[in-house]
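Presented below are the structures under discussion, each in the form of structure tokens.
You will see two complexes here that share chain A, one where it goes with chain B and one where it goes with chain C.
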Partner chain A sequence: MTAPAAAPTPLRQCLELARKDLRAEARAGEALLVTAPFGAVALLLVPLAVGTDTPLLRELGPGLFWVVVLLFGVLVTLRASAVDGPAQLELLRLCGITATTRLFGRALANAALLLGVQVLLAPVAVVLYDPDLSGWPWLLPAMLLVAVGLGVLGALADAVAQGLAERTTLGPLLVAPLAVPLLLGATQVLAAARYDRGPWPWLLLMATAVLVVTLAAALCAAHLEEAR
Partner chain B sequence: MTLSGARLPAVAGVAVAAGLAGALLAPPDRLQGELVRLMYVHVPAAWLAFLAFAITLVASIGWLWRRRPGADRVAAASAEVGVFFTGLAIALGSIWGKPTWGVWWTWDPRLVTTALMFFVYLGYLALRRATVDPVSRARRSAVFGVVAFVQVPIVHLSVLWWRTLHQPPTVLQPGDPSIDHSMLAALLGNLVAFTLVFAVLLRERVRLAAAEDALETAEESAAAISPAMRCPRRGWRAPVSEWAWVVLGYSVAYGALGGYLALLVRRRVRVRWRAGQSR
Partner chain C sequence: MLLPLHQPPAPAPRQAGVARLDGVAVNVERTPVLRGVDLTVLAGEVLGVIGANGSGKSTLLRVLATLLVPASGTGHVLGATLGTTACSAVRSRVALVGHTPALYPHLTLAENLHVVARLTGVAAATVDGALETVGLAGAAGRRADRCSQGMQRRAELARALAAAPSLLLLDEPHAGLDADSRGLIDLVTDRVRRAGGACVAVSHDRDRLHTLADRVVEVVDGQVRATREVPA
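And now, the complex of A and B:
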């Protein structure tokens, strides 16, 4: 007779849930094949509205890129493939997976997808707006922090609005205003690097925002579980 | 007459009249002249928005802890009144900004973060409206009510974290407040008056929520049976245009306060009437 296998750790559970979400997204292609191209279309449309003044667009480019990442990133976190049906939820509960683990599994998948969206949109923004890219390595930590912060915020808003008919319209209203420290930090990192000012304070602001949102999600997730 | 009846509105009415007298008798500012009188309505409105959202935070935590329906009603009522005072603070700031800065709106960190706070709590109210089941509504909004409060310290500290057009704190700062004491007295008097009005509005909104719950229950029952810095400048005469801005600001402030109170009372009367019809 063999001993029963040890229960997987919460981290392992999160990773498996994130893999499950990414597999569902790979089949649906909603984030990377629909939302990201829609974001690219938005980047293309803005110059038509504000005028095709190249120096002006060069200045506006980085900011517009981050605005598009924020707004379309919210849509990524509220994608249809991230909706768990009642039967899926019951199964996960029966397997002993807590609401907090589920939320962070979803947040992890969101972060991975958001990084993908940023990687797809960044070259489009560079080609269309030709921004000054001095200090570009600082963009890498900024992109990571935006992906993680927005991923956690989106997962939290998704959990709060789960099952509501207004989920996809309410979600952006809940997330967008709270994501402003991320937007602000991300836009200022490149500007600070360009003028030889240390971008550390802005990265610190973003990291603090991510930490606060993650803590709030960890503390509140269990209370949301009973709502279903 | 009890404190829970007409006494509180009566005390609030007297305090508002005294506050208005204090605001009009206070000395004009050396730089802003009569326009400084807008401070006596703008600042209390902004402070009360913070107070309202703090009450929402405490009541939300209270609901998550004890699950009492009363805590949910206080959280929701305080959030709605807070949104009202945030909107009022933005509108009055705008009226003050036009003659002072030359624009109705500017991309100042304090203004932007306040507008964001307004939208965060509009989201809170939208979330409540979207959820039908009362327990689910209370739980979801309690969680969001806790998370949303993160915005409040950001608004308060924005004038210290960034270079802003908006002045830094003059009263809530270490040491003696950087404002003339006669002006400070008028400001505190108006703060007390507005806080009493806030208490009246909050009480009326909580009663409306209770009446709505009663209506919901009555309708459910009915369905079972048969098939909503200054330093004073004495002896100075202001140009008429400054007084026009002051009058506009006070009209907006008191008009909005009175209108909101009347709206809450009207809604409660209608809900009670409908509850009566449902029985």
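And now, the complex of A and C:
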């Protein structure tokens, strides 16, 4: 019989799965060509509703940006182009890909796309809300932590809801409450930097939330597959 | 034109050892689908499994693929006991060509095969050779969702060829293939058994299965009822 080929490491498999997801997204264009413009429209609608109260908009801007990133980010993580049907799941299992590797491959692709969405929406928020951008370099780690945290949360929610007809309803309901520490931290990072308070505690809160979610995902992935 | 990937070795003698099920029962959503199945798959053979729709044929394939765990009974596939962690180590030596194509619709046929090759450590040249063998070299850059069912089926056979599995499982292998392409099934199964592996093909088409298989078992209501050697 044929000797089995040496399997790549789980990290390489993770990267390959993420690459596959990103390639599918590049063809489908769901996250960056459909969801991100909707997010931009949401950012545009708030000033229309609030009126031309510039100081108020300036105050609301950063918070609204993160709310839009959270809400539309959930849709990015639950995009249809990333859905694996039963046949694809069986194929990946037969390739020797563990449930944990699959979950983190998906999370990696989610994180890359969420970073892209944030990069697209941030200039829109700056133009529309003219926020005080002093301490803006602190936004970079906050954006990264939101992308990673939301990416893992979305992949975890997707694994929980996989195969259910209510996937698109259940997904946001699972992700939104767990993303509260990320939303809270991201909103406060810029505010803290602006008022010369150290943003470290908020970044630490976000990093802790990301770590907890990542550990939970690593521990749960295999059990979620068994339970199906 | 079909081109061989390499000169196949001489056929391996049939012997016990690829897979064995003893009294295996499987429930799907609490409904018994397989009941007390005893089955042995020998190295170097093509085992045909025939049965009516809903008789449990596809479930039997998934048990042999180690994707389903028996509710009772014991089973061994490529030396791994079903339901144990050892199964994950042998899965990459099992190829399943299912009834529904396991292709990513947004990726091209070549990308679909190369993704799996990179995930399992198969060389890219092997994949390209397999695509050529099944006559898809010219269509390799076409997106899977823009290909006919027959082309998708051939792509799946190319993936199985490239993987060089020890156990090849085919669900309704002739479905969606035209008369010219049906010879590919013989080519792929021949490669596997010449390399000492085994193939299991399930179908409800008795005539086609008899031309493909060395031995045919019949599944009726989740039980293996009869085994018959197919005369050479």
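Keep in mind that, in the parts below, the second predicted complex is superposed on the first by the 221 of 228 C-alpha atoms of A that agree within 3 Å, B and C clash if a C-alpha of one lies under 4 Å from a C-alpha of the other, contacts with A are read in each partner's own complex, and residues count from 1 in each chain.
Definition applied: a contact is a pair of C-beta atoms (placed from the backbone, for glycine too) under 8 Å apart; a residue touches a chain by one contact, two chains touch by 3 or more.
Please read these numbers as outputs of a predicted model, since none were measured by experiment.
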item	value
First (chain B), second (chain C), both or neither touched by A:Ala28	second
First (chain B), second (chain C), both or neither touched by A:Pro8	second
Which of chain B and chain C A:Leu48 touches, first, second, both or neither	neither
Touching partner for A:Ala216 - first (chain B), second (chain C), both, neither	first
Which superposed partner A:Lys20 touches (first chain B, second chain C, both, neither)	second
First, second, both or neither for A:Leu94, with chain B first and chain C second	second
First (chain B), second (chain C), both or neither touched by A:Leu156	first
Residue contacts with chain A in the superposition, chain B compared against chain C	C
Chain A residues touching chain C - in the complex, by the definition given at the top	1-2, 4-8, 12-13, 16-17, 20, 23-24, 27-28, 81, 85-88, 90-98
Partner chain A, residues of chain B touching it in the complex	64, 113, 116-117, 119-120, 122-123, 126-127, 130-131, 135-136, 139-140, 142-144, 146-148, 150-151, 154
Touching residues on chain A, where the partner in the complex is chain B	156, 160-161, 164-166, 170, 173-174, 176-178, 180-181, 212-213, 216, 219-220, 223-224, 226-228
List of chain C residues in touch with chain A within their complex	43, 62, 65, 67, 88-89, 91-96, 98, 100-104, 106-107, 111, 115-116, 118-122, 143, 164-166, 195-197
